[in-house]
Structure formats: structure tokens, C-alpha cells
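One chain, chain A, appears in both complexes that follow, with chain B as partner in the first and chain C in the second.
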Partner chain A sequence: MTESVAQSQALPVVQLRNVAKVYDGQHALKEVSLDVQRGEFLTILGPSGCGKTTILRLVAGFEGATSGSISIDGRDVTDLPPERRNVNTVFQSYALFPHMNVFDNVAFGLRMKGRPATEIATEVRETLRLVQLEGFDTRAVGKLSGGQQQRVAIARAIINRPLVLLLDEPLSALDYRLRKQMQLDLKHLQRKLGITFVLVTHDQEEAFSMSDRVVVMNNGHIEQIGTPVSVYEEPRNLYVARFVGEINIIDAEVVELGENRARVRAQGLDVFMRTSHAFRPKEKVHILLRPEDLRVETLKDLAEDPELEDVFARDRSLVGTVEETIYKGATYDVVVRLDAGGIVTATEFFNEDDETVYFKASDRVAVSWVEGWEVVLPYEK
Partner chain B sequence: MKNDGFFKLAVIVGVISWMAIFAFVPNILVFLASFSSTSTQNFIEPGFSLSNYARLMDTTHLSILLSSLRLSGLVTVICLVTAYPFAAILARTRKPLRNTLLLLVVIPFWTNSLVRTYAMTAMINSSGIVNNVLLSLGIIDTPLAMMYTPGAVVLGLVYTLLPFMILPLYAALERLDRRYLEAARDLGASPWRAFWKVVVPLTMPGIVSGCMLVFLPGIGMFYVSDVLGGAKAMLLGNFIRDQFLTTRDWPLGAAASVTLTVLMGVMLLLYWKSAARLGGKEA
Partner chain C sequence: MRKLRILYATLVFVFLYLPLGVMVVYSFNASRFSMAWKGFTLDWYVKLFSNAALMQAALNSLLIAALAATCSSILGTLIAMALQRWRFPSRKVIHTSLFVMMMSPDIVIGISLLVLFMALSLPLGFWTLLMAHVTLCVPFVSITVYGRLLGFDPHVVEAARDLGAGEYEVFRHVVLPMVFPAVLAGWFLSFTLSIDDVIISFFTTGPTFEVLPLRIYSMVRLGLKPEVNALCAIMILITAVAVFVSQRFLKEKS
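For the complex of A and B:
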């Protein structure tokens, strides 16, 4: 008995095996396989039309898979209708029943299960308290604010204690401030309930701030699955690198191979870089650098201060001219046109000690970074 | 600019006087007539009494009223039950085919409904198409007597009024967001329960307006009863017509008309209430 419990704990709560979906001859989803672990907060991230919502609709049962299989809690549900799957959905536009008040909306699921009225009343009240909507029972859903409707939608779903809660861009209709608040609330709620959350969004910041794991999708297939940190810092390809934040891409060529590293030549650079890819000599590659990882110093300062020159690692620096600076509030971007061609953007913090230190257009500068913070990827068209 | 103002004024005055002369005044006259009495000299003796309404409540008149309501109710139910699935399918059909189907619903309007009612006799009389087909297939030996029965009147009314049920239902179902249905299924409702708990309540305005558009004409369309039902007056419409043109009892006919109008008012109120209940989103 205990053994089987332990086994079911280890089993992924949702499994997609080579699932494809075709609409009107177009592949919305191409042979996707995905495991959702019990109790995790998984986010499917991608631009509109990448198939992320299709995955959610297939798991919920609103659509049938063209091929492949889906199982929930170890049971094949590929051909089961939505009402026979132990998952619930929070819809993008909430889809609250307009002819029912808050109480009736939240009670709907339990009523469908035929639970006694007194029990339903207690549970609805408890769930409304959980989403901070105590006393809203008799309000008409059309008269609620966006944030309140959102919370009714969440209450209506979680009251059923689903194995998995599916959230389809649940925060996209809310304004920035409220969205930030709801991101935190959702994360806390997930911890508290211990329910597996699968959220779909096109907002990478939202994905990173809430999830245990992120699935990056593009054009009907999965590009990368991993923790927010690994997806951001070790993007598997250019698409992922570009989608999850700003990135500088420098074309380069492999000169020599070492163990877990390669000597790379580009833009006057000729250094070893850390990489797990198996490259061949002469192979063209991309060097990826996040703007916030870059450090910029003027050539003048470097020449005048030998200490600075020591910590700055001149051997891996790129020389160029500042084209413009862009004020971002807490930070500012320095756009540098490199002497060897190409443009890189570096994000700098303001210097607390000296507010006058600020790059100006036409400043001659060198750009560098800490060894190992770069990512080297195979060349893509 | 000045001319423009004059044109606007002319149109407004024109419409208002038209409505006043041909709708408002006649209705007031009918209303007043329903409280008057009749005499040998005049069709109407002015006065005030409720005797016409009392006469309307006597057994013969009441039974005409009730049987007319029953007949029209039956027609409404048949229309609703046949139109709902059709409208639901129509609302889900893709654009080019959907427009064709809508056109097919509307085409009968291009022919006068009296003419179509006469055409119906060619279908169902003893030597009509239906009987001929059934005879030649050997399903029946002698022609069925379908003409001049309540069934023929119901058939004629359903045929004439079905589009008036389909169109408002279609409008309501087409506007219905599919996500409500998905949400209901997601929360554990079977298709059947999702239909009753979500689809029916959300399309109630369409159901009520369709029923009104069928039920009220179903009481009044006297020519359908004349052509298909024979001499027997089956509808309140026949009764009212007879009071004015045959029996010459105008006050009684007026009282019946007013009753019908009040009935319509009550139903409009019901419609308004059901629409207001869903008001939050629509308004």
C-alpha cells in the first residue's frame, strides 16, 4: 500500500506523449512530449500562436489530440471528456457564468458532483475567504472589478480540489500593478494548496517570477524545458535566448577545442570559452552575452588606472564607440558600436558614488565580461 | 442648413402623424369601444361598462379563447423544439454554408404567407402530394383526411411561424460564448447538464422573444384557420374578425382585441425581465 502511494508520488501527474494537434491542415502542435511533476508550478511560455494554449486545452479535454496520448495521474485520458478529468481551468477571460452570482459560480462544480447543500455552503465560504472575497456571495459577477472576477474564477476552480489547475493567461487582462500582486498571490496559493499549477503566458517575467520550471515553446514545439535560471542562463538556442530577455549575439569561429571549452575568434578576440557543445574546428558559432553581464569602461580610464586594467580582463574585451545611452530608471543602457562591426548593448547601474560618471555618445570604450558568463551556441541561419 | 432642419422636421412630423393616425388613434378607439355597448341604430353606443369583458368570460367565448391559447401554445412548443437544434447547428456552421442556410430560412418571406397557406392545401388535401405519395408507396389504402382539422391549422401555423422562432434563437446562440460551455464541462457538468444549467439560461432572451413572435401571431392569424381549418373558428383572430365583420358586435370584438394586447404587454414585460436578469454583460 505505502509502496504504491510512494510510486504514485513519483509518477508525473500529467504526461503528454508525442501529442500533435492539426487544425485545418495546420500543425498547432507537433509531436510534443511533456511531463508535469506533482506539486510543481510549471509555466508554458511562448508567443501567441506557438501552441501553448493548445496544450492546455488538450489537457483540459476541450480539444482532442490528432495523435499521441495524454495521461493524468497515470490514467490515459486521451479520449475522456472534460467533465471526467480531474483538472480545472481558469480561463483567460474568466468565463464566469453571467446568470449566476458569485456563490453560485463557485458552487457550480460541487453541485455537479451532487454534494449536499450545507457542505457546499461551508466550502464556498471557505474558498471565498482563501481568495479574499468574503461576503461577496450574492454579488453579480458582472459588477465585479477585473481582479475580483479573476479571484472568483480561481475560487470556482480550486474548490473542486483538482489534481492540476490549468491557467490560461489568467493575468493578461489586469493592469501592471494588480498583475504583480496577483503573481505573488497565485504563487502563495499554489504553495498553500499543494495543487500542481500549469500556467500559460507570453510574459517571460511572469513565467520566471512564479514557476518552478518553464517550458519555452515556438511554432508548435518545445524549444527548452528547465528552471527559470537554467533557461535564462543556459538557453539551448538563439530563439530561447532572444525570447527570455535582451541578448547580444556575436558571430565567431572555433579555432581550437579543449575539454568543455573552445578557443573562439571574433571581433579581435581570441580566447577560450566554456561550452558543453561538441564543436569542430573552423565551425561558425554564436557568442551570447546578456547586457547586464557586460561591463563598460572608457579607454581613457583604463589607460590611466592600471588597477582597473587588471580587474577588467582586457584580453576578452571588445573595443568600440558609444552610440547612445538610454535611461531606464534604475539602470541605463549603453549602446556601443564595435570597431570590428556590430552593436552590443550593455546595461549599467548608476554609480552611487559619482553621479557625473555617465557615458556620452562618441566615448571610446571597451566592453568586457566575467569569464564563463558567455554562452556559445552552434551557428543558426 | 435651414433646408436640412426643415427636412428633419418634415420627416419627424410625418412619422409621428402617421403613427398617430394609423396606430395610436385606432388603438384608443378600440380601447374605448371595448367599454361601450351596441344598439340597433349604432354599432357603438358610447358609455362605460365592463359588460363586454364579462361576456368574453362566458363559457362559449372563453372556450374559444382557451382553445386558441392552447393551439397557439402547441404551435409555440413545436416551433421551439424544432428550431432550437436547428439554430444551434446553424450557429456552429461555418460562414459560407451558414449564410446559405440562413437564406433558406428567409426565402419563404419572399412569398405572401396567404398564398403559401393556399399552397399548403395542395400538399395535404385528399388528392394532395402527401396522400399521393403515401398511397403509391402502399402505406395507406384510403386518403388521410388532413384538411379542416386542428392538426392542419397547427401545421400551417408552424410552417408560417417557424422562421420567427429560428432567427432570434440563432441570434442568441451565435452570441453565446463557447467558453461558458467549456467552463461548465470543465467543472464536471455532462453535456446535458451544461445545456440546461448554462446554455438555456444564457439564451433565454432568444427563447422568450422567439416564443412571443410565434405565440402572438399564432393567436391572431385567422386566415390560416380559414384556409386550412374550414368553417370552424379556432383562433381568437377569427373570433375578433367575426365580431367586426359578421356578427357586427364591435364592442365584444374590441374587448377581445384589448385582451390580446394586454396579453402581449405581459409577455413583453416577461421578456424585458429575463433580458434584464442577464443585463450585467449585455448592457
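For the complex of A and C:
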């Protein structure tokens, strides 16, 4: 008994096996396989048209897969209609029933299940409290604000206690502040309910701040699956690296290989880099560096302060000239044109004792980073 | 400027409604033959209601109008839903043919239906007239309901199914309540179309079943009678009420 419970706990709640979807001869989805773990907050991230919403619609049952199979809770649902799948959806447009008030909208699912009226009333009130809409029962949904409609849409879905809640860009219609608030609220709601959430978004910040795992999609296939940290820190390819935040890309060539290390030549510099890829000598590679991992010092400061020079990894520094500085509020970006060609951007925090940006255009600077913070990827055209 | 605008609007309304107004006034004129005003009377209304043949024709008209409106509301709504929901090959053809039916001259529809009924050797009367009027009204209902269906967020139906509603529940609890104002508007539109139709009725009914417009038509061939004025005044009232009600339904919730 306990063993079978444990087994069902370990079983992915949603499984996609080689699922493809073709619309009018176009592949919206190309042979995608994906496991959604029980109780996790999974985000599917990608630009519009990458197939992320298609995955959601296939799991919900609004679309049939062209090939492959989908199972929910270990049961094959590939051919089941939406009303017979134990998942619920929060639509981007909310899709509330315009002719019903808040109470009737939220009660709809339970009424379809034929639950007694008194039980429904209690549950609806309970759920409305959960989404902070107490006392809104008799309001017409058309008269609510965007944020309130959003909450009704969420309440209408979660009242059914689905195995999985599917959210299709639920926050995209809200303004910035409200969106930030709803991101937190959704995350808390998910923890409280323990329901698996699958969210679709094109907003990398949204994906990172809410999810346990992120699926990065591009052009109908999955580029990478991992925790927000691993996707950000260890992007599998240039597409992922560029899609999740700013990145500097420096071309280089492999000189020599060691164990989990490679000596590469970049910008006339010979440096050792940590890498798990199996490169060959002379192979061209990309070195990826996040702007916030770069450290910039002026050549003048380095020459005057031997201590600074000791800390600053001189043997892996690139020399160049500051082009411009861009004020970002809490931080600022320093754009450096390297002497050996190419431009890198470094993000700097304001020093406590600096009132203004430290670097100025045409300053001669050296750019460096801590060994191991770089990512080395095979060369892509 | 403001006065000019009021004057202009008044002229338009006078142009549109003066003939109707004159007729309503004459329905209360005590003179039988002359156009001169001979004092107020309700005699023509009394006479009208004691004219058994005319009252039978009026009842027949109301019956046909109500039945035709109901049948075409059901059929038209189903067509609209099919057009909106499915992407079948002949979809465009059906959609266009609805407009063709709406635009076709009544005389063409009337004659073509007559030919059809003759070919099927159906006796002209109640049933043929009903079928003809349903044919006349269905496109109007379909277009009205279809327009309203297009105005909806298509995800609403998906949301209902997502929440466990089957085909029937989606129709009963979501689609029908949402389109109902348009269906009702279509019903009233059909009702007025049917009740004032002369041409199609002329070709598609027989001596066994006489409707009001045809009866009036045969009456006025022997000269204008004041009862007809009275009857027409009543019909204007009914039509005005039907139009007003259907507008109210369309406006509400949209």
C-alpha cells in the first residue's frame, strides 16, 4: 500500500511522449517529450509562436496531438476530451462567462460535477476568500478590474482541485506593479494548495521568479529544461543564453585540453576555462559571460594599486576603452570596446562612496572575471 | 444651427411617417367615401372586428408569423452555431447563400417555391405557406445570431469544457444564454417579416388558408375601405412594438 502510494508520488503527473502538432502543414510542435513532476511549478518559456501555448492546449485537451501520446496521472488521455481530464486552465483572456456573476462563474465546475448546492456555496465562498475576493459573489464579471477578473479566473479553476493547473500567460494583460504582486500571490497559492502549476510565459523574469523548473522553447522544440539557476548559469546553447538575460559572447579557439578544463585563446589571451564539453584542439568555441560576472578596473588604478592588481586576475583580463555608461537605477552598465575587437557590457554596482558613475567614456580599462564563471559552448553559426 | 438641425430631423420624420399618420387619422374619420374630415368615429374599428373573414385572416397571419418565427429561430440559431464552430468545406458557400437569400427579390423566392411545391405536388395551403415563410426568415436569424457569436471570446466555450461541461451543458449553460438576446431579436424580426409579406404568400398559399395581407390586397382592389385603414393602424402598432422589443433585446448586454 505505502509502496504504491510512494510510486504514484514519484510518477510524473503529466507525461508528453514524442508529441507533435501540425497546423496547416506547419509544425507547431516537433516531437516534444516532457515530464511534469507532482507538485512542482513548471514554466514553459519562449517567444511567441514557439509552441508553448500549443503544449498547454494539448494537455488541456483543446487540441489533439498529430502524433505521440499524453498521459495525466499515469493514464493515457491522448484521445480524451477536455471535460474528462483532471486539469483546469486559466486563460490569457480570462474567458469568464459574461452572463454570470462572480459566484456562478466560480461555481460552474462544481455544478457540472453535480455537487449539492449548500456544499457548492461553502466551497465558492472559501475559494473566493483564498483569492481575496470575499464579498464579490454577486458582482457582474464585466464590471471587475483586470486584476479582479484574473482572480475570478483562478478561483474558477482551482475550486475543482485539479491535478494540474495550466496557466496561459495569465499576467500579460496586467500592469507592471500588479503583475509583480500576482507573481508572488500565484507562487504562494501554489505552495498552499500543493497543486502542480504549469505556466506559459514569454517573460524570463516572471519564469525565474516563480518556477521550480523552466522549460525553454524555441521554434517548436525544447532547448533546455532545468532550474532557473541552471538555465541562467549553464545555458546549453547560444539561444538559451541570449533568451534568458543579457550575455557577452566572445569567440575563441581551443588550444589544449585538460580534465574538465580547456586552454583557449581569445582576444590574444590564453586562458584556462572550466568545461564539460568534449572539444577538440583548434575547435572554435564561444565564451559566454554575464555582464554582472565581469569586473572592470581602470588601467590607472591597477598601475597605482599593487594590492588591487593582485586580486584582479590580470592574466585573464581584456583591455579596452569605455564607450559609454548606461544608468539603470540600482546598477549601471559599462560598455567597453576591446582593443582586439568586439564589445562587452559589464554591470557594476554603485560604490557606497561614489555619488556618480565611476567610469567615463574613453577611460582605458581592463575587464576580468573569476575563473569558472564563464560558460564555454561549441561554435554556432 | 441647433434650430436648423431640429428642422432637418423633423422634415426627415415627416417624410417617413406622414403617410402612416394620415392613414391612422383617416381610420378615425366618420366619412365613408370622401377624403374630407367628417368627425371622429370608432365605427371602422367596430366594423373591422365584426368582419369574420377578415378576423380569420388576421388570426391565420398571427399563427403563421408566430410559427414561422419560432421555427426559423431554432433553425437559424443552429446554422449560426455550425458556421461559427466547425470549419467544414461548404461553410463559405452556406454563409454567402444566406446573404443571397436575404437579398433575393421576394417575387423570385415566391415563384421558385411555387415551382418546387408544384413539382412535389404539395397542395398549397397552411404547410406550404409555413415552409415558405421559414425559408424567408431563416437567413435573417442566422446572420443576427452569427454576428453575436463572433463577438464572443472563443475561449469561453473551451473554459466551460475545461470545467467539465459536455456538449449539451456547454450549449445549455453557456452558448444559449449568451446568444439568447440575438435569438429573441431574430424571432421578432422574423415575426414582422412574416406578418407583412404579400408577394411570397401570394404564390405559396391556397384558397384554404388566407392571410391578412392578401385579404387586404383583394379588398382594396374594389376601392379603399375605412376598415382597412383601421386594420393597418393596428398592424403598425404591432410592428412598432415588435421592432421596439427586438431592439431592446439586442442592445441589452451587448
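Throughout what follows, the second predicted complex is superposed on the first by the 379 of 381 C-alpha atoms of A that agree within 3 Å, B and C clash if a C-alpha of one lies under 4 Å from a C-alpha of the other, contacts with A are read in each partner's own complex, and residues count from 1 in each chain.
Throughout what follows, a contact is a pair of C-beta atoms (placed from the backbone, for glycine too) under 8 Å apart; a residue touches a chain by one contact, two chains touch by 3 or more.
If you're wondering where the values come from, they're calculated on a predicted model, not measured in any experiment.
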Please tell me, clash or fit, for chain B and chain C sharing chain A in the overlay. clash
Taking the superposition on A as described, I'd like to know which of chain B and chain C A:V141 touches: first, second, both or neither. first
Kindly classify A:K381 by the partners it touches after superposition: chain B alone (first), chain C alone (second), both, or neither? neither
Now for A:G109: first (chain B), second (chain C), both, or neither, which partner does it touch? both
Shared contact residues on chain A, chain B side and chain C side combined as an intersection? 60-62, 81-83, 87-89, 91, 93, 95-99, 108-109, 112-113, 156-157, 160
What does chain A use to touch chain C in their complex? 60-62, 81-83, 87-89, 91, 93, 95-99, 108-109, 112-113, 156-157, 160
Chain A-facing residues of chain C, complex: 152-153, 155-156, 158-166, 169, 173-174, 177-178, 253
Which residues of chain B touch chain A in their complex? 177, 179-180, 182-191, 193, 197-198, 201-202, 277-281
Across the complex, what residues on chain A touch chain B? 60-62, 81-83, 87-89, 91, 93, 95-99, 108-109, 112-113, 140-143, 156-157, 160
